[in-house]
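A short write-up of the structure that comes next.
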């Protein structure tokens, strides 16, 4: 089964080239190229169909407030999917942690507190939410790595638990009236860039470094493609999985915070449709559902594509249900293309 | 020329661009015991799958009973009397013993309904033919490997089989079970059933077969009556090379061993293991499958920590509870099953190579240092002569020999003091095999201690200065490396029982 | 002999028994016929869904699209019948819903069998597609004036009597359909080649193909059949609710999967029984309906079910881990 393409020893010269080239980067992964083309196509189509509404500053600005929550949740989903699992509990974690934060901010801040005091409480609320997010993730990780329950079942159960806990805490009611300083995170801008987008970009940066530059990222991808071999290769599978789900929980809690800052209220069953959308984004972004592979760039492009599609359809006054329909079709189509295109390639140039 | 039972003429088959079978022909007569020999990866398995209708050939014709079968599918093959016992037995762990045996036949008769009592009856008859008694209602998942194979054989014996294909059937069997299997085969032959026996073990090939077909690199090299061949010719046809007999010799080692175990044991797997490896030594370890040799290696590497006894590294008692402990003490392990335990098949060669040392390749920010990684990878690709298009291509695109070199490079990069190799040349072409041996010998000469676990007697003979033999979880003998022949092995292994006066038990009985 | 005391079904049964006794001892109303009939009635539609999910999981896959298929089938079948405006017998409505469901299920099956796509993702996608299509192109408004035959079927009780307390309790005719589905699938899984093929497929798909099962057909059959049953279940929902609501069943899939898994059906495929799946459902339905009887507020439901899933699957995973590490000794 030797590689027919090359019989020579040693490495090809491009391997030594450390410089970056977009062309090489895109062509290194057919899926990314395809995704890029799809993204541009969707954008252009929408721009042509409704140039006035879609191509307006308002529309871009509202998009920039909308997609970061889904984007951050997709990053969380991506990490667990690269490990060969799935995390259905991210929205549950997002709701539970944001409810805790909201309670700290709404119930604990004394009446008529000074701006400084309420900022302190806001900070406490945010930190609380993030710590609880990590703990929720660790619970998932423990059940997956130590007890050996399939991830889909673990997170199916913990999703119910987290959401259930959130319902128990709030008795099903929404918490409203978050402090203004906090809502600014959801609705404010810094030098014209919406805060949610800035947070999303920070998350992307952190996730990129973690996944591509830290040894942890490589270990995670190796573990995802073959957990037995990673054990034999000296990777601490348990540690890697615990970290992965903890990170997923942390990202989910950040998404939750952005979500309540945007809507200025917290509720136990907000955003449940985000679970399926996050899976859709991640799969669309070229993350292998069986684990081992995934590029941040792919996920980001997938989020953008969906947002263009969604905003464009809004501009055409198409209902939300039609979007569901389109998303389902896009997901299936992309997967079919991913399967069919390598097969076609072999047919076109039979090796000999 | 009399009619043949099955004839494959000029078969060609490619997968995703890999030409697995090139113009292969095979002819099996009625009641013949035919042996298909060849190294791993030579296309034997693909040929079997073509014969049993799993793969359709790209070109070529299949004739059964002289009749041309252009659209052979698994059911038709079974109906024509072709039965295959695959290496993994094709057993369903979640179904009962009776189902596993009888379902195949029911399916071939295109039955729609299941008659459980009839299935149990058929299964019982089939098991009686092999002479075993198993609980027909038990789920197979809890049975031993030997029992699973018996089920697979019983299944193949059913349903008026005319040809039974056995793919490496003796790999997991004890000596006694092998003898029993050979007796079954003799019996089948008397009943006029043909056997195609796929093997790379020369002893079995000569003992059993009437005719031998040899394959190499997807082509058949020769098809000859067994009495026209001898060992040397067979090896020559299989590998394309003459047997090279050179030996690895070191002077007797004294002083502190690199690795020593004292009464090491793991509950249910091995006990009283005391061995030592000195710098520069290549110590062989052999024994049948299930003798505890792999378990011993995995304990030394911390995968399943030993439950008793002591391990010394350079004379210091060390506690190995995890792979990280073992790595910390300079112990490296190249596992038995390269495809599932050794490699991340879809991942790049680069990643496969640096996994063991990645924590040491960071820059001052704690990020992976791309330059360091690349230079590590490049240097090992050169040192081991790995043939690859690019270090970034998936490791699955490499040949078996190059894949094994990647796993070897991974652990050599960690700069180990003790290297444990489990089956270092399984599924590796002869050229790579010699290269790998050469690398290991060179490293040993520089002071590395090697524990080489292998089934391959010539491999052990040529590379090891001494060889230990394991049986039922204990070391039962030791031999000088270059005099470790088949005779010595049989003497040590089979002689042990008579001395100890133990009755041979099947693997499943505790 | 099979050691039935070692099966997971046995453990689930014990837990249910304990739960029954615990709830019953706290509140006598639990064992009242009204409450028991209530439990059964709320299991009629989910009962078919757990059967569907069980088959899919045994075959080695997972299906989250059945609520969408059920909704799609019942709503469009109702619409078609209303449009035709003929006084068709009730079985035509069920058959129509079933056939629509079969078609949608086959889309899943074909995608899974021929493109070898991961089942979870495919069914997520088709689920979104089906419900999106339904709500956009077929309609999103509840239909309250059902065709007369359906209306009549919904009103006809199978059992009906008045208790001593003067409460009228009963079960609709559709309970018979669910019972029939359970019996048919139980027989199919145990006594037909297709049923055993589904088990074989879930146990080891490569071997299943080798010994001559047509695995592509089996996969198409499973998803198609499940689509058919989901269509029927959707129609039952319509008759029980006396209206056809296009968003009624959406979102129930994860709870149904939880029930099936709690009933001992292994998510990795190949293992599971009809009895187990039904016991799992009984457990979930009891918690949903009866926790309130012992004074636990209903907003604890979700938490309790979640904890139950984690504990249940944890125990199962622990058992599998232990039995696989318990290999026979090679020492003599």
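By written order: A, B and C. Residues from 1 in each chain.
To be clear about the criterion, a residue touches a chain if its C-beta (ideal position, glycine included) is under 8 Å from a C-beta of that chain, and two chains touch if they have at least 3 such contacts.
Source: prediction; values computed, not measured.
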| item | value |
| --- | --- |
| Minimum number of chain-to-chain touching steps separating subunit A from subunit B | 1 |
| Farthest chain relative to subunit C (centres taken as mean CA coordinates) | B |
| Pair joined by the larger number of C-beta contacts - B-C, A-C | A-C |
| Centroid spacing, where centroids are CA-atom means, of subunit B and subunit C in whole angstrom | 44 |
| Computed distance of Cα centres, subunit C from subunit A, in Å | 31 |
| Subunit C - residues contacting subunit A, complex | 62, 111, 115-118, 120-122, 124-136, 140, 251, 254, 257-258, 261, 267-268, 297, 299-310, 313-314, 316-318, 320-321 |
| Contact footprint of subunit B on subunit C as seen in their complex | 1-2, 190-196, 199-200, 202-204, 206-213, 270-271, 323, 327-332 |
| Residues of subunit A touching subunit C in the complex | 86, 88, 143, 147-150, 152-154, 156-165, 167-168, 171-172, 272, 276, 279-280, 283, 289-290, 319, 321-329, 331-332, 335-336, 339-340 |
| Subunit A contact footprint on subunit B (complex, rising order) | 14, 16-19, 41, 303, 322-324, 327, 333, 335, 340-347, 351, 354-356, 358-359, 361-362, 366-368, 370-371, 374, 378, 381-382, 385-393, 397-400, 402, 410 |
| Contacting residues of subunit A [partner subunit B, same complex] | 1-12, 14-16, 18, 28, 209, 213-215, 218-219, 221-222, 225-226, 228-236, 292-293, 346, 350-352 |
